[in-house]
Every structure is written in C-alpha cells, then in structure tokens.
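Look for chain A in each of the two complexes below; its partner is chain B in the first and chain C in the second.
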Partner chain A sequence: MPDFDVIVVGAGPAGSCAALTIARTGKSVVLIERGPFPGSKNMYGGVVYPRILDALIPEWWNEMPVQRWVTRRSTMLLTDTQSLSIDFRSDAWGDAPYNGATAFRPDFDNWLANKAVEAGATLVCSTTVTGLITGANGEVIGVHTDRPDGDLTASVVIACDGVNSFLAKERGMYPHTDAAHFTLGVKETITLSKDIIDERFAVRGNHGVDIEILGGTSGVNGGGFIYTNLNSISVGVVLKLPKLAAQSKRPEEIIAGLKSHSAIAPLVEGGTVSEYSAHLIPEAGLKMMPKLLDDGLLIAGDAAAMCLAAGIWLEGVNFAMASGMYAAQAACEAIEKENTSAKGLSLYKKLLEDTFVLRDHRKLRRAPQLVLSDRVQHMYPALITGVVQGMFQVNNPVPKPGLRKILKNERRRLGIRTTDLAKDAITGFRSFG
Partner chain B sequence: MTLNWPDISFQDRMASSEFRVHERAHIVVNSDSCNGCTTRACVVACPANLFVPTADGGIVFNYEQCFECGTCYMVCNEEGAISWSYPEGGHGIVFHNT
Partner chain C sequence: MTPVIGVCVKWIGSQPNSGHEADARFAQFSASDQAALETALQRAEQLSGRVRVVSVAPAAARTHLVALCASGAHELVHIAAEGQSSSAHVAHELAQHLQECASVWCGDYSLDRGSGSVPAFLASTLGAQQALGIVGITSSEVSNTLDLLRRLDAGRREIVRVVEPFVVSVEGSLATLRRASLASTLRPTATLVDASLVSQSAPSFGEFSPFRPRPRTIAAPVGETALDRIKSATSANSPQKHSEIVTLAPEAAAQFIVERLTEWGYLS
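The block that comes next holds the complex of A and B.
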C-alpha cells in the first residue's frame, strides 16, 4: 500500500487546487512545500483572475486575501521621450464576482493551501522534493525528499513544482529548455500611503489599477508593469533572458530606468522599497509545453508552462489553479479505475483541451513570439507614438498633414517595411481577432 | 534620464528581502569553465548580483542572497558550468509582500 493516494509537489496555486480537489473526494493527499509556508517562494506580476475558483470555493471573494480589486487597466507605450496610454475603467469590476485583484502571493497561496488543509489534505512545509521514485516498470510511485527517511509513495504524483520543474526535467518530459522561452521578472514593492496611491492613480476605497507597459525596458525585449496594492505599489519589468544576457544593464538598473521616465516617475517617486523580488516566467506558451502526463505522474501550473504571456493578456495563476484542479480530477478517476498509467490518467489532457487552459494557449500560440519580437518591442511603439505626435502637434504655419502622410513618414523614418507590418498585422489578427 | 530621487544602494535593496541561509551552497560553479568564458551572461543577468568577475578572469559567486529564480543556469552557455538545485527545505528566499 502506498503512503498516500496522491502526492502533490509544490503548494502554489496549482498544487493547492489539486490537493483541495483530491481531499474533497475523501482520498488521502499530501501537499509538499519547500518553503517555510505556502507562497514563500512565489512572486508574480501582480493580478489574480480567480473566477475558476467558483468551482472550488463559492463566494471566494468574501475570504480571499486581496490588496485591491482592479477596476482600471492601462496599457502604455513608451519611447524615451513619449508615452501613449489606453486607459479603461469599469465599475462592474469593483463588485462581486469582480474581474481581477492585486494580491500578495505569500498571502494568497497560503490561504489557498489552508483551504486544502481544511478539506483534509496533509500539508508538509520546509521539505524539498529531491527526485522521483520509480517502480518495476518505470512508473512513478513516489518522491524522495530532503527529510531523514523522507521517501513517500503514492498512486499518483502531481508535479506543481514551478517554472524550473526539476521533476519534469528528471523524467525527460521537458527536453528543450531554451532560454529564449523564459523571461526574468524583477519587482520592487514600494510602500506609499493609501491616500497618495488613491490620488496618484485616481481610485478610491479598495479599487486599484493595473498598468502594463510596452517599452521603457532599456532596449531589452520585455515589458514593464505597475500595480497598486493597498498601502504599496509594485513596479517591475520582465526581461527576455537572451536579450538581457547580451547587453550590459543589470535588472535593477532597468527598473531604475523605467522609474525615471517622465510618464512613470510622478506615479512611483518617494516611498521606500519594502521588498525586492525576482522569478522566472515561462513565456512561450504552447511552443514550450512539456509532455503533460506519464505513468503515475501529472505536470501542472508553471511546471507545465501554463502561463499566458500574450501581451494584452498576462495570466498565470488562473491557469495554474485550473490545471491543478483538472490534474486532480484525472488522478482521482485513475485511482478509482485502478489504472494510473499514462493512459489511465488521460482525462487530464481531455479536461485541458476542453477548457480555456489549452484553448486559450492554442488560439494565442503565436502571440508570445509576436509580442516579444524586435518590431513589436522596438519599432511599433515609436511608430504609434510618432503618428500620434504628428496628429496632435501644431506646426503652424505648416498646414496639418493627413493621417496617411504622417503614417508614411513615420514608417519611412523608422525603416519599417510594409510587408513586415502586414505580416505582423495578420499574426496579430489571427491571435487576437 | 536622471532620477529625481535617490535610488537605494544594492545592499539596501537586497536587505529588503528575507533570506534564511543554509550552510550548504545550492549553487556550484565549475571555475574551469568560467575561466574560459567570454560572455559572462550570469554576471549581468542574475537579479541578486551573485556572480562577480575576478581580476584573474575567474568568477566568484555567493549563494546566500539567491532568489532561486534559475536565471543563471538558463543564460549560461557552458553546459554544466553552473549546477543549481533548490536549497534545503525551509531555507533560502522567503517572500512576504510581493
């Protein structure tokens, strides 16, 4: 008899939703976390979209640890001397069931893991899983941990061990780890008073703002962000690894550059850095996804690269929660049917294919590459802001030029070919249209 | 572009994060590989600035203030130059407000 029906590795959003789902069926499940508490190893851009929790925790919004409900979303294009914002606000996002929320991951992940514990899961913290245990036929039957006599066995192991997933790599399910598929996210949490935040970002009460920025990353492909917490703001950048490695500015210098931009400085100045944090992000979506299941093993969350980095949509926690929940459903079915081989666990793939988890990834499979491409990163922000400046600038006595002429001039000034523009427009339309 | 308020020192920046340091280093660097390396990608990319080039062409590294992100081994172009694993359970970076 194995020690548990299921071992879940990693008490992030994927692991906790997996453990919660399994515990509710009455099966035994252990949730192993290497940090001293769930969420202690985790940071992210800053917004959770929790609607998938409807299926697990009714009226989750009454208990989830939230900083602010995002009611205002800004997308900003920056060049060295210009900025253009598309700013959207919805009062509906300030009432249940809401849309997105800023939350600190150590709070959010800890809360979610404790929901699993309340349902009967066994949470073991401060324990690093160091490898997989395999049975006579090569199937996964448990994990080694760094505790004395720390081997544990189970019918199914669900690896939710994050972006570096050593378990998926050990099993050969992550054959190509191309640095170009990852970005580094670095972030400052800056303490500011609630009054100052409310005033600078034009929000009240527990409403907050999410600003996504294209440009402003010192020429390194990636992007910037600002999120409002209750008594602090989060400011950071994501940086494509090979581009970061091939130049000379360090990550914190790139943040400093963003913070000094004339459009950003008035929002972020003053205050004190109360925490600095960093994490890798799997950015390439479907293109980098590992094999998702094997005999006795399922992979979910960041470990399965289920992070949607598609420019106007930047999501990950919701994909993690959903994939963890579906992995758990597949594990439970396989255990009930007494077949935990890859074939017996195949419900996982079906549930992912039938829902937003793989459908969004499939529809947006070309988006990550487009968003991080040199043209989108370095040329189009200049093209768009140049056109807007051309429209709004009064150059009397020169009469106003028409939009077509401005566009043509800007395109020529920047050396952008119409064929490339058309090609990117088609890719963009196929992804976002 | 100039900052219109003083940016914090790197030391103060790192002091804002909590690290529960274990005596065993979870990063191991093969200095033979580093001596011949011309790219030095880890030096610029590591967000914690753990990799420092030495005058004689080598690299010294620290593991104590590691965010455990994985950037160093991902950007390293020398197979096996940086061996990287997670620290012992309960140790390493502990995030709070992020």
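The block that comes next holds the complex of A and C.
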C-alpha cells in the first residue's frame, strides 16, 4: 500500500490546485514544499488572471488576497529617448467577476495551499524532494526527500516543482534544454504611498495598472513591466539568457537604466526599493515543452514550461493552476481505474489539448521567438516611435508628409528590409491576429 | 521513574523590529531556543528520559510548536495565552508543568529580544539552581551534576557547576537542532497537552531595586585650604593602594573578595 494516493511536489499555483482537486475527491494527497511556507520562495511580476479558479473556488474574488484589481493595461514601446503607449482602461474589470489582480506570492500561494489543506490535503513545508523512487518496472512510485527517513510512496507523483524541474529532468522528460529557451526575470518592489500611486497611475481605490514594456532593457533582448500594488509598485525586466550573458551589464543595472528613462523616472521617483528578486522564466512555450507524462508521473505548471510569455502577455500562474488541476483530474481517474501507467494517465494530455492551455500555446507558438527577435527588439520600436514622431512633429513642411512616406523614410533610415517587415508581420498576424 | 527534561520556548509571530504586524508565516523560534531543545534531546538520550516542551503562546503558534516538537520531543504543553505577559507571570505558568523536571533548558534570547529573565524567575519558582549564557557542556559523565561553560564579557569564559534541579539558558551556538524525520513531520508523535493560564498575573516576587550600598558616615576632610581638603577627601596624597593584584586559588580568591567587600561596606 503506498503512503498516499498522490504526492504533489511544489506548493506553487500548479501544485496547490492539483492538491485541492485531489483532496476534494476524498483521495489522500500530500503537498511537499521546500520553502518554510507556500509562496515563501516564489516570485513573479505581479498579475494573476484567476478566471480558471471559477472551476475550483466559486467567487474566489471574495477571499483571494488581492493588492489591486487591474483596470488599466498599457503597452509601452521605448527607445532611448522616446516612448509610445497604448493605454486601455475598463471599469468592468474593477467589479466582480473581475479580470486580473496584482497579488503578492507569499499571500496568494499561501492562501491557495491552505484551500487544499482545508479540503483535506496534507501540507509539508521545509522539505525538499530530492529524487524519484522507481518501481520494478521503472514506473515512478514515490519520492525521496531531504528529511531523515524521507521516502514517501504514492500511486501517482505530480511534479509541480517549477521552472528547471529537476524531477522532470531526472526522468529524462526534457529531451533538449537550451539556455535560449529561458529568460531571467528580475524585479524591484518599490515602496510608495497609496496616494502617490493613485495619482501617478491615475487610478483610485483598489484599482491598479499593468504596464508591459518593449525596449528599455539596455539593448538586451527582453522586456519590462510595471505593476501597481497597494503601497508599492513592481518594476522589472525579463532578459533573454544568452543575450544577457553576452554583455557586461548586471540585471540590476538594467533595471536602473529602465527606471531612469524619462517615461519611467516620474513614476518611480521618491520610492524606496524594499525587495529585489530574480527567477527564471520558461519562455519558449511549445518549443521547449517536455514529455508531459510517464508511468506514475505527471508534470505541470512551469515544470512543464506551460508559462505563456508572448510579449503583451506574460501569463504563467493561470496556466500553472489549470495544468495542475487537469493533472489532478487525470491522476484521480487513473487511480480509480487502477491504471497509473502513462496510458492510464493520458487524460491529462487530452484536457490540456482541449482547453486554453495547449490551444493558446499552439496558436502562439511562434510568438516568443518573434517577440525576442533582434528586429522586434531593436528596430521596430525605433521604427514605430519614429513614425509617430514624424506625424506629430510640427516643422511646417509643405505639404504635411503622409503616413506611407514617413514609414518609408524611417524604414530606410533604420535599414529594415521590406521582406523582413512583411515576414514578421505575417508571423505576428498568425500569432496575435 | 523516567526522568523528564523540560524545555521552554518562546514563539515570536513576526520578525522583531520589522514594523509589521505579527504574521504567523514568518514565525520562528530563536536559534538558542532550538539549541535548548537539542541539548535536552541529547540529555534525554543519555538518561533514557523524556523531553517535555512547554510554551506560553497564542493559538497561532500551535502548528509551529508541533513542527518544532517533531524533532523528537515526547510531550508538548501549550499554555494558551494571546497577549503579552510579564516574565514573572510566564515563568509562574511554565513552572506549573515543570515541577517534576530535574533540569529545564531555555534559550538565552528570544527573537523579540525580551529581557531574558524568564529562566531566572523560573529557577526561583522551582527552587532550582540557575546558569545563563551557556556555550558548552564540559562534563561528559551522566550524573545529576553538570559542568557548563559560560560566556562572560569580552570573550572570556568560566566553568560553572550546576546540580539538579537546575534551569539553564543556552546560546544558539551550543547545538543545532536535528531535522525532524518525514514520518514525525507528517504524523506528529508528541503528546499534546492543552493548558490554560492558572492565574492572570504573576505572583509577587517581592520588591526589586538595584543594589545600592548603604551610606556611611565619614569624617569631614581636614586641611587649611580648599585644595588640601579636596586632597584629603580624595586620598590624593595617601600612600593607600587603589588596586591590588593577587594570585590566589579559587576558594581563597572568593574569600578575599568577600572580605574586601565587607571592609568597604558593600556587605554587612
């Protein structure tokens, strides 16, 4: 008899949703977390899109620990001396059933894990899973942990151990790992008073802002973000690993560069940096996804590279929660049918394929590469801002030049070939269109 | 009868001086409290005894106390109290559950940097010997007497001998608490005793004030001029020694100090 029906490794959003789903069926589940409490070791930019929680926690918005409800989304293009923003605001996002919210991971993850505990899951913290235990036929039957007498067995193990999953790698689920598939996310939390944040970001009450930035990363391919919490803002950059390694600036210097940009400095000035953190992001989507299941083993969340990082979207938490939930459903079905082999667990793949998790990844499979490409990173922001400057600059030409002419001049000035522009436009349209 | 070794720990709900409200997620026990538990576990192994952890703590501390005891404590007495209590009161409450303990181990500081006086009140209540600032145990044989290495100021050390019953407070460097096994973390084995306060305030320990030697009458200084009188009052011209270096055996040294203090009026 195994110790538990299911072992879930990692109490991040994926793991907690998996444990919650399993506990609700009455099966025994242990959720093992290496940090002293769920969320203690976790960081992210700051916005959760919890729609998937409708299926797990009805009216979650009444209890979820929220900093601010996101009612304003901006996308900003930066060159060294210019900025262009597309700004959208929806009052509907400030009321139930809401859209997205800023939240702190130590609050959010802890809340979600406690939901699993309330449903009957056993949570063990300060315990690191160090490896998989395999049975006579090579199937996964449990885990080793770093505690004395630390082995545990189960019918199914769900690895939700985040990016760089050692469990998935140990099992050989990642056929090829490549540094180019990852970005490094670095973030400063800057304390400012609520009144100042409300004023600078033009929001009131518990409404907040999500700004995604292209450019401003000191020439390293990546992007930036600014999110408003209640009494602080999160300012960060995500940086393509090989490009970061190929130059000499440190990540904190790159954030400092972003903060000193004339479009950003007024938003952050006078604030106190109260936290600095960094974490890898599995950025390459479908291209880097590992084998998702094996005999007795399922991989979910960032461990399975489910994070969707596609320029204007950086969504990992909702993909993690959904994949954790689907992994749990598949595990429960397999246990009930007494077949926990890869075949018995195959419902997981089907649930992912049928829902936004793999559908979005499939549709946006070219997006990460496009967004992080040199042209999108270094040429197009200059092209677009140049065109806008050309349109709004008043130096009394006769007649005022038309958009086509300005575009042509800017394209020539920057040395962008029409064929490349057309190619990227098609890829962009296929992904985002 | 199986000897019971007592351990007292203080739970602190948030980081001291953080300015944040108590947050159970960041709760901790000081390294010295953990060292006290480890030392007690080792003594219990030597004496084939049981370890009883006693704590006056709010309800939020419960899971942390249970997790702490998973390291091998046999009993946990959780005395529920939500507010702050004086050291004397806390010691009085702890003592109710430590009567049969021949030794009680405490940490010498808590994370909120309290006064560190609970062990002293506890020793007084239990009628036990007390030693604080213990950084080592020098005796190796198992007996009711222990030689302990105690820190003094300026990096100096002394060895103190304590005889059961005793209450000692140890430094964090004395021992590192062993890691709880996965089995005891999942299924805690320590017997849990829920206790409540026996009184709402501390019993009187009498009036406390700093020791002040009694005033002595001394003759007015004599001298023709003010300068002479100042010299006389300050013994500036006297051949009297103001310091004395003596080399004596410990017992003779103690006797010497007592004699001098008596001569100078500090002891009657």
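As a working rule, the second predicted complex is superposed on the first by the 430 of 433 C-alpha atoms of A that agree within 3 Å, B and C clash if a C-alpha of one lies under 4 Å from a C-alpha of the other, contacts with A are read in each partner's own complex, and residues count from 1 in each chain.
By definition in this document, a contact is a pair of C-beta atoms (placed from the backbone, for glycine too) under 8 Å apart; a residue touches a chain by one contact, two chains touch by 3 or more.
These numbers come from a predicted model, not from an experiment.
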{"item": "Fit-or-clash call for chain B and chain C when the two complexes are aligned on chain A", "value": "fit"}
{"item": "Angle at the Cα centre of chain A, taken between the Cα centres of chain B and chain C once the superposition is applied, in steps of 10 degrees", "value": "50"}
{"item": "Partner with the higher number of touched chain A residues, chain C or chain B", "value": "B"}
{"item": "First (chain B), second (chain C), both or neither touched by A:G316", "value": "neither"}
{"item": "A:T127 touches, of chain B and chain C: first, second, both or neither?", "value": "both"}
{"item": "Partner chain(s) touched by A:E252 [first = chain B, second = chain C, both, neither]", "value": "first"}
{"item": "Chain B versus chain C as contact partner of A:T145, first or second or both or neither", "value": "both"}
{"item": "Which superposed partner A:H261 touches (first chain B, second chain C, both, neither)", "value": "first"}
{"item": "Which of chain B and chain C A:V30 touches, first, second, both or neither", "value": "second"}
{"item": "A:K41 touches, of chain B and chain C: first, second, both or neither?", "value": "first"}
{"item": "Contacts of A:G15 with chain B and chain C, given as first, second, both or neither", "value": "neither"}
{"item": "Which superposed partner A:P381 touches (first chain B, second chain C, both, neither)", "value": "neither"}
{"item": "Nearest Cα pair across chain B and chain C, whole Å", "value": "9"}
{"item": "Footprint overlap on chain A, comparing chain B with chain C", "value": "36, 40, 106, 126-127, 145-147"}
{"item": "Residues of chain A touching chain C in the complex", "value": "30, 36-37, 40, 106, 110, 122, 124, 126-127, 145-152"}
{"item": "Chain C to chain A touching residues, read off their complex", "value": "25, 67, 178-183, 185-186"}
{"item": "Contacting residues of chain A [partner chain B, same complex]", "value": "34-36, 39-44, 80, 104-106, 125-128, 130, 145-147, 163-164, 166, 177, 179, 182, 184, 186-189, 229, 232, 234, 241-242, 244-252, 256-257, 259-261, 265, 269-270, 272-280"}
{"item": "List of chain B residues in touch with chain A within their complex", "value": "1-5, 7-8, 10, 12-14, 16-17, 20, 39, 41, 44-45, 47-49, 67-71, 74-75, 85-90, 92-98"}
